Every structure is written in structure tokens, then in C-alpha cells.
Amino acid sequence: MSLESRKLLTIVTEAALEHEVTVEIQRLGAHGYTVCDARGKGGRGVRDANWSMSANIRIEIVCPAATAEAIAAALKERYYDNYAMILFLSDVEVLRPDKF
Amino acid sequence: MSLESRKLLTIVTEAALEHEVTVEIQRLGAHGYTVCDARGKGGRGVRDANWSMSANIRIEIVCPAATAEAIAAALKERYYDNYAMILFLSDVEVLRPDKF
Amino acid sequence: MSLESRKLLTIVTEAALEHEVTVEIQRLGAHGYTVCDARGKGGRGVRDANWSMSANIRIEIVCPAATAEAIAAALKERYYDNYAMILFLSDVEVLRPDKF
Amino acid sequence: MPTLDPVVLFFLLGLTAGLLRAELRLPPAIYDFLTVLLLLAIGLKGGVELAAHPFGALLPRMLLVVLAGILLPLAAYPVLRRGGGLARADAASIAAHYGSVSVGTYAVAVAYLGYRAIAFEGYLAVFLVLLEMPAIVVGIVLARGLGRGVQWGAMAHEVLLGKSIVLLMGGLLIGWIGGSEGVAPIAPLFMDLFKGVLALFLLEMGLIAAGQASSLRRHGLFLVVFGVAMPIASAAVGTGMGWVMGLSVGGTTLLATLLASASYIAVPAAMRLSVPEANPALSLAASLGVTFPFNILIGIPLYHRLAEFTQRLGG
Amino acid sequence: MPTLDPVVLFFLLGLTAGLLRAELRLPPAIYDFLTVLLLLAIGLKGGVELAAHPFGALLPRMLLVVLAGILLPLAAYPVLRRGGGLARADAASIAAHYGSVSVGTYAVAVAYLGYRAIAFEGYLAVFLVLLEMPAIVVGIVLARGLGRGVQWGAMAHEVLLGKSIVLLMGGLLIGWIGGSEGVAPIAPLFMDLFKGVLALFLLEMGLIAAGQASSLRRHGLFLVVFGVAMPIASAAVGTGMGWVMGLSVGGTTLLATLLASASYIAVPAAMRLSVPEANPALSLAASLGVTFPFNILIGIPLYHRLAEFTQRLGG
Amino acid sequence: MPTLDPVVLFFLLGLTAGLLRAELRLPPAIYDFLTVLLLLAIGLKGGVELAAHPFGALLPRMLLVVLAGILLPLAAYPVLRRGGGLARADAASIAAHYGSVSVGTYAVAVAYLGYRAIAFEGYLAVFLVLLEMPAIVVGIVLARGLGRGVQWGAMAHEVLLGKSIVLLMGGLLIGWIGGSEGVAPIAPLFMDLFKGVLALFLLEMGLIAAGQASSLRRHGLFLVVFGVAMPIASAAVGTGMGWVMGLSVGGTTLLATLLASASYIAVPAAMRLSVPEANPALSLAASLGVTFPFNILIGIPLYHRLAEFTQRLGG
């Protein structure tokens, strides 16, 4: 079984941004994404998900390194100053490189 | 503290497959698994989790590389053609190698 | 875009521990964390999340390697014997090293 | 009396909101909850009625109904294969959807008759349970042929112990054991709130139906035509059966609606696992995107007229 | 008659539990569900009343209400800028919150009048819908200026197709089409359970309000003063308008409460996306942490006295 | 009058579905919601009754009840240690479960009396609150000894501010302040729907109880015997106390049921955190897998007979 390496970009941010961010990442070349509901704590304090304004989402994108870095740069530029958001990249192996 | 390396296999697929896939991966040697509810978008379109037929799940399995690749191969073989499914592998370190 | 490497510590454990563990990890130096609801199976059997006592949570912490290992050691010491819990570490890259 | 029952207006509200991509969705947990309430309520009602009936007298009718549940999908299959040029698995899966029934549609018909104070034989809820299953088996056989690598055990489990069967059957039994007196204490939740719960359920159904629009556009005209023609044909059969069984106008309307309805709970789940190569987008576009709206907006009043007409002939 | 309505006691229960960090939270899905029920119920009630009214006669009043929804935030803005020394975006966002309305507060006022069997003009629910939107537009213009890089299209969509507008409007339409007779079958859920649902909603609101305490402490006294003074001022305006419109005591109380209330559903969501640099902690601390409790505990009874007083003057 | 109340049939439905591994589960959010509704409803009812009682007169009885809540687990502990050969922590934890109470069991008993129109002293809901806590403290002391590294502060918080206490107490207070008149407007949700909500709750309880079957098989016979014998013994004590307090047949039945019931909400959570080395599978298998079903199927009718019997002796 041949495995090829890709990047996994994980974004944790405010639930209010789900629509906007998923549109943005596709515009920047992501072929797909996965979203989970989340809560947490960070520089902008506790986000306990007790109601929509305090809920987080966790978005994962498997894509080529270049795309991952392009998305990361764009999101940092656009959201870091005003929104609760973190993102991190890691290396993953996939079965269908063409797909991602 | 001694850390040993293992593989983390992450599967994102249709919620309808939860029972079938969790049985299958244990048959193939996984000692455990973790499931989260998810939604997302991919080659088979948007899966918004608004109802059972459009919901995704995200399954994680920590196991030896060999097991991870065996599971990956089996799932690809059995599900890729007919189901919304992706999977990817990454390297992780664990405290109790015997456990995984 | 400059990326620096950090550790991602992932903990899967009983939902009942959410408060205790999140307090503990901050005491040990985590600047933030992300929690998702989860279910799964492991050495302590099936945890199907059908009610609070059988629910799991999945906690992620991005931090320096030293902090990650300190937290891992402390959690192992305190919880492994009596609670359903696993944890694993992986390498990630972040944009704002100072933040984590 | 408004021409459209309020509960149906909730469906239109959800449909419109969905098509306009409004910021509106019910949490999945709530949708599940509403489904559970509807299934139990329908079961309970049927069970209470059943308690007042000699079970034996129903047996022949029950067999007749099961027969219809087997023959209708068998009849639909060639139409889908030849007429629609669909792949074997897709034709089989869609046939199964239309051979089975929709609880939501049944509930709307019950509400429709309720608004108009039209009586009906309450034991029809039993037919709802009976019709849920046979079509699934037929669909799998159509797709797989007999035997060849079908795990009948797993399938039987899947079908007999699916959510809708368990809750409908459970409700039936509890209603049957308790009778109207025994059910009275829980009636405020299961009976009095029935139409309100149905309204919320239809709001969500509208949102989900709107989600089918895109695949409907992609898979084109045939599904639309089939999604309208098939229920009308099935309703005709149902009306005839109602006449044969000597059902009231209300009962005949309800039986016609039952046969005309297409499943979107039990069958999609079963087909997804037992006939993987069938594309769920096709069957859901037809049953949720076309037939469900058609039945609750146009079908039910139509089947009502039909029932009245046959009665006049009969009488 | 207790001095505090039971539903308000549920708010205090939630608030206390929250401040004591008790092990208590309603699942978010339930909170959403309760919100949907309240929005639909209020819309339905309003629609039924509307059905009994000549729409034309309402138009001038509706324009007057929209005018208030535009002018109040414009009046609040300079106060927030100068008085509070707040940044432009924060002042604009808070102004928008107070120019818009709170469904929960309106519901408590309706319950308050209900307990005391005080009649009111049911069509005020229409004002609730009308007041939801203008303040959002005003807030964005205050923050961005006209044109300069505002995506009006996206914003209009955001505002007009937000959850609360869609459900309130939908409820209004369904109630208006169905009339009291058509709504009767769903009344057990939407009308009879209204106060109980409101009680649970307020329990959760108390928990959420308690969550604002910390940011309130951080952002200090000004927000508290503004959060009390602004609703009183708005209520005074509302009372005057009620007098001009010749509303009953109940109607005047309700209109005053509407203007006095600050949004925490539609506006925060819209501001978060359209005015990102505004700190949501500030606006929510004021509207949820100060104004909402003030209105339901002290404000509504106060506005009621005010309405009675003006009526006596009037009469 | 069916021999089994319908609500109990819902438990059997859930239990059967669970044991047959049917495709059935209520969303956790709904289970939480139903629990909240039950706790508040029971509290409200108790509070309304309390409003009609001189509180002072209850104090001695309340002390007696708390005493029972302390002594019963102390009596159970040695039995579990010696008889069951259980580890100290496990024996302590199980003792705590049986010293505390089960809201679901209490609700079923209330429904049982309701069906049979048997009156009872409403203030027994106060005993429910009182019995929730002491056993937890006793359990921790049994496991840890006094002082030695117990964080009493954290524990007190855990116990006093747990979900069930807060909601029961809150309901009691609101019902007590509002009285029957004040609670009337929210009665449609909290009173009229009570038995329906209980039915759904029991459906889920059945599914959860079924989940205990495996660990029950593993941990064998002793738990089954204890899970049946302990409630009978506690019920006997409760019946005696009811007789001493001069309670009615209904009240005595209810008090016996209270003592006979074993906790599965407050205690498991508290023990998990305060006595980590106790295996929750053991205590839950006994309290959920054996005692809960026993009480609602056989126990309550049995305790009812017992109460009637003692009354005849007494009178």
C-alpha cells in the first residue's frame, strides 16, 4: 500500500465563523474539510459552548503543504486580531494523494 | 518518562457506518478507538449532519504501524467506492506501548 | 511565513474529569486547551456516551515539549490506575510560538 | 378552515428557509426527539384502538397489506430500470423506499382528518408497522438476487430492530395493554401535543427537503415525474384496497396515503448498509424532495376526494 | 400574587447557580430548542391577533416604531463614545444591541401582563420583528461609515434571514393565515406550554448571565450605569409612543419594554461578523449581564407603573 | 387498571430494546433535558405542598430522615465488605449509592399512587432532597477515613451544588414562594406533562439498565442478591418510620420507596471524583441493573401492601 505525505491543518475558532471560514478555505484550494463542535480556553478566555456566542468549532483540512501554508497565512491575516482562533499544522500520510 | 512511537489512524466517514467499521477495525487488531461526531465536505458533497443520513463521524485509532496500514487497506478496499470516507495516518508517541 | 514546532498532547478520558483535568493542565503550564465530546472503547470497555457516566471527552493541548511531557507524566501518575484514560503526543507547527 | 393545515405551513416555512439558505436549523438531537415522540404517539394511538378490536378479524386485512408492500416495489422496479435507465442497485433501492412508508406523511394525514373531524379506523397504525419492513427485503433481493452474499441475519436484525419499528411496535403494545384508560396519564404529552410536535417535525423536514434540491437538479426530470406518478398509482391501489376492506372514507384516505408515502427513516438506513452501491442522493431526492412535499401538499386532499368518490360508487 | 413571577424566579435560580459555579447546565441543543419554541409561539400569537386587525391602520405605527429603532441607537452612540470613552466599533456595536430588542424580555413582559390579566394589543409582536433589524444596519454604518467596504448584500442576508427573524416572521404568517381557529390544534404546545418553556429558557439565561460577571467586573462601572440608564430612557420614549398611538396600559407597557430591551440573539451574531473589531464581551456584559436582569426584575413593573401614570394623565 | 402502569412499560420497552441491541437511543441532550424536567417538577410539587405546611412541625421528621440516610449506608458497608468480600472503596461506594435516593424511582412511586388516586404528604419531596447528600459524605468517610486527605471543601461544593440538589432545591423554593396559584401558569409543562416525561425518561433508563447486564454477569450473584435484599430491608425501615411519623398509606409507601431506592445521578458522579479507586461498574450494575428495575416492577407495589398492612395494625 503506497502512502503519500500531506499536511493536516487544524483550526480552532469561534462557531460564528464556520460558514465564512469554510468558504474561504475552499477558495484557497482545500478540496474538503471536517468540522467538529468544540469548547475550550485560550488567550481570549473560556469559551464553554453553553450558547452559540461562546461555542467553538474545530476544522481539519488535509491538503498539500503549500495550500496549508497559504490558508494558514490568510486566516492569520484576516482573523487573528479580532477572533478567538488558533491553528496548527502536522504531517499525515494519505492513500489517495490525488484527492487532497 | 519513556515514550514509544505508534501510528494514529484517523477515519472520517458516514455516521451510518459506525457500528460496522468499529467492529471491523477490532477484528483487524485495534485494541481501542475514539469516535467524535462530525460534519464536513468532500468529493461526495456537503454532509451537514442535519439528520442521520447526512452526519459524519471521526474515528481515531492508536496502534502499531502494521495494524494501521492493514486497517487502512481493508477500509479502502471495502468502502472507498461506495461511501463518503477519508483516512490519514500520523506518527504519535505513547506512554504504554503494550496497551496499543 | 515562519513556523515553529510545538507538541500536541491529546487526552481521551472520562467526561467526569473535565473540570479537574483542565485545572490540572493549566497548573502545569498549558496556556489553553480544546475539548470535544467523544465516545469509544478501550481497556476499560465500551464508553458509549449514552449518559454522563459513560461519556468521554477528548482534550487537545498545544504546548512546548517539556510542558507536554510534564502534563503527560502527571496525568499518568494521577489517573491511569483508576480512570479510563489514554494520551498521546505528536509534533505540530504553529505560527505564534510565543502563544503556546 | 384554511385550505392548508397549519402544520403543513410549517413545512413550507422550513422549505422556504432552506431554499433561501436562512440561518435556521434545529439541533439534530431535537429532530431525533421529535421523531421518537411521533413514532411513540402513533403507536400508542393505534394500540389503544387495537385494544377495542378483535385481532383475528384484522389478520386477513393485514396479509393483504403486506402483499401490497411486496408487490408495489416489484412493480416500481422495472419502471425505474427501463423508464429511468437507472442502475440495478439504484432502481432496487428507490423501489424499496416507495414500497415502504413515511411516518411523517401518515401523521400529516391523521392531522388532516383530525382538522376535518373525519373518523378513521385507528388500527391502521398497525398497517404502518407492517408496511415498514417487506419493501426493504424486496429491495435487497432485487439488488442482490436471492442468497448470493446477503447476510440475512444481520439484515433481519437491522430491519426488525430499527428505531422506527421498535418505537411503533412498543407504542402499539403499550397502548394495547394500557387501553385508553391506561394511556390517559401520558396523553398530555403524546396526544395533546401531537400536532404541535408534528409542526416542528415538519419545519425540520422542510429544511431537509430543501437540501435535496441540488441533487434533484442534477438527477433531473425522471425522478420528479416518478416521485409524483408513483404515489398517485399507489394511492389508487390503496383506495381500492380500502374499498375491498370496507374502510370508512377516513380509513381509505389513510390507507391510500400510507401506500403513496415513501420512506426516509428506516429504508435509507437499511439500504445504505445492505446495498452500498446504491446512491442515496437519488432515492432521497425522490422521496424527500418530491414525494413527501407532493403528498402533504396535494396528495392527501386528492386521496381524500378519491376515497369519497369510491364510497359514493360503493354506497 | 407573588411580587416576582415564578418565571423570573427561574432566572434567579439560574443566576445563583451560575455565580456559585454549580454543576448545572442545559445542553446547548435544548437552549436552541427553547429559543425556537419561544420565537414561534410569539410569532403565532401576534399573527392570530393580526388576523383580527386591518393591516393598513397599523402602517403609520409601524413606521413610527422603525423610526425609534433607528434613532435610539444613534442617540446611544455618542453617549458610549464620549461618556464611556469606548472605541468606535465597541460604541457602535453596543448601540446596535440597545436599538434592537430581546425576545426573552418581551416574553417575560407578556407573562407579567398575563399573570395580572392585563390586556394588550397582540399586534405588538409585529413591532418586535420590525425592531430587530434597523439597529443592526445603524450599528454597522456607525462602525464603518456608509459604503466603505461593507458587503451590504451579505449583511442583508445575515439580517433578514437570521434565525429570529425567520421564526418570528414565519410564526406571524402562519398565525395570520390560520387565525385562532387554525392555530387551535397546535396551541397545546405553543400556547399552553409557553410560560413553562419561558421558565426553562430563563433558567438557562440566568446561567449565561452569570457568565458575564467576570467581564463586567473587568470593564467596570460605566457599562452598569449605561445598562440601567439606557433602558429607562428608551422605556420613557416607548411610553410616549404608546400614548401617541393610543395603546392600552398593557400595550404601552409592552412597547416600553420592547424599546428598553437589548438584543442578545440577532445582534451579537451580526456584529461579530460585520464589525469584527468590536469586543463582544463588552456588549454582552451590558445587555445580558445588566440590562436583561434589570428589565425582568425591576424594569417591567416600573414601565407598567409608568404606563398607568400616563394613562391617568391621558384620561 | 393494568397491573403494570404504562410508564413502567416504557422501562420494559427500553430494557428489551437494549438487551436485543436494537438501533435505539435517545440523544444524551434529551436525557439531560428529561432529568431536568423531572427534578424541577418534583421540587415544584413539593414546594407547593410545603407552602401549605408549618415548616417547624417538619423539622423533627427531617432529622429522623437524615439519620436514616446516615445509618443505612453504615449498616450496608459491613455486609458488602464481609458478605460480598468487596474491596473497601467498592463497599463504601455501593453503600453510598444505597444510602442515597433515586429521583426516577420516587417519580414512578408518585405516578403509581397517582394512578390509584392514593393521597400522600407532598412534603416528602423535601426528604428526597435531604436523603441525597448524607450518604455521599458517609461513603467518602468509609473509604478514606476521617480527614486523611479528603478535600472536604471541594467535596461539599460537589455535593451541595450538584445538578440534582440545585434543581430540586430550586424547584422547592420556587414552588414554596409561588404556591399553587403562582405555579399554575407553568403547570401545563411541569405538572400535566409529568407522567409523559417520566415515560420517556424510563425508556432511556431501560436502555441504560440493559447496558449494565454485561458487568452484572461478570460480577456475579452477590450484587443481584444485595440489590434485591437491601431495598427490601431499607423499605422495612422506611415503613416503620412512616408509621412513627404517622404518615398516610401513600406517604408511608413513598418514604419506604425513597429509602429503598439507590442513587444513579448524584452519587456515581461524586464517588467517581472522591473515591477514584472504587469501580463504578459494580455500583451501577447493582443500583441500575438490579435495584432500579426491582423497585419499579416489584418493590413499589410490595411497599404499598406493607404500608397498608402496618396501617391496619396501627389503626
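Think of it as A, B, C, D, E and F in the order they're written, each chain with its own count starting at 1.
Here is the rule we go by: a residue touches a chain if its C-beta (ideal position, glycine included) is under 8 Å from a C-beta of that chain, and two chains touch if they have at least 3 such contacts.
The structure displayed is predicted, hence computed values, not measured ones.
**Student:** Quick check on the contact graph: shortest path length from subunit A to subunit E, in steps?
**Tutor:** 1
**Student:** Shared touching chains for subunit A and subunit D?
**Tutor:** B, E
**Student:** With chain centres defined as mean CA positions, report which chain is farthest from subunit E.
**Tutor:** B
**Student:** Relative to subunit C, which chain has the most distant C-alpha mean position?
**Tutor:** D
**Student:** If you tally contacting C-beta pairs, which pair wins, B-D or A-C?
**Tutor:** A-C
**Student:** In whole angstrom, what separates the CA-based centres of subunit B and subunit C?
**Tutor:** 19
**Student:** Averaging only over C-alpha atoms, locate the centres of subunit C and subunit E and give their separation in whole Å.
**Tutor:** One centre to the other, that is 40 Å.
**Student:** Any idea how many Å lie between the Cα centroids of subunit A and subunit F?
**Tutor:** 46
**Student:** Give the residues of subunit C that touch two or more other chains, as numbers and ranges in rising order.
**Tutor:** 36-37, 90-91
**Student:** Among the residues of subunit D, which are close enough to touch at least two other chains?
**Tutor:** 27-29, 32, 188, 193, 269
**Student:** Any two chains that touch count here, so list every such pair.
**Tutor:** So, checking each combination of chains, I get A-B, A-C, A-E, B-C, B-D, C-F, D-E, D-F, E-F as the touching pairs.
**Student:** Within their complex, state which residues of subunit F touch subunit C.
**Tutor:** Interface residues on the subunit F side: 25, 28, 31-32, 204, 207-208, 211, 268-269, 272-273, 276-277, 280-281, 284.
**Student:** Note which residues of subunit F are touching subunit D in the complex, please.
**Tutor:** Listed in rising order, the residues of subunit F that touch subunit D are 1-2, 4-7, 9-10, 13, 17, 20-24, 26-30, 111, 114-115, 188, 192-193, 195-197, 199-200.
**Student:** For the complex, which residues does subunit C have touching subunit A?
**Tutor:** 1, 3, 6, 8, 22, 26, 31-37, 62, 90-96, 99
**Student:** Any idea which subunit B residues touch subunit A in the complex?
**Tutor:** Subunit B reaches subunit A through residues 10, 12, 36-43, 56, 58, 69, 72-73, 76, 80, 86-91.
**Student:** Within the complex, which stretch of subunit B touches subunit D?
**Tutor:** Touch residues, subunit B against subunit D: 14, 16-17, 20, 45, 48-55, 79, 81-83.
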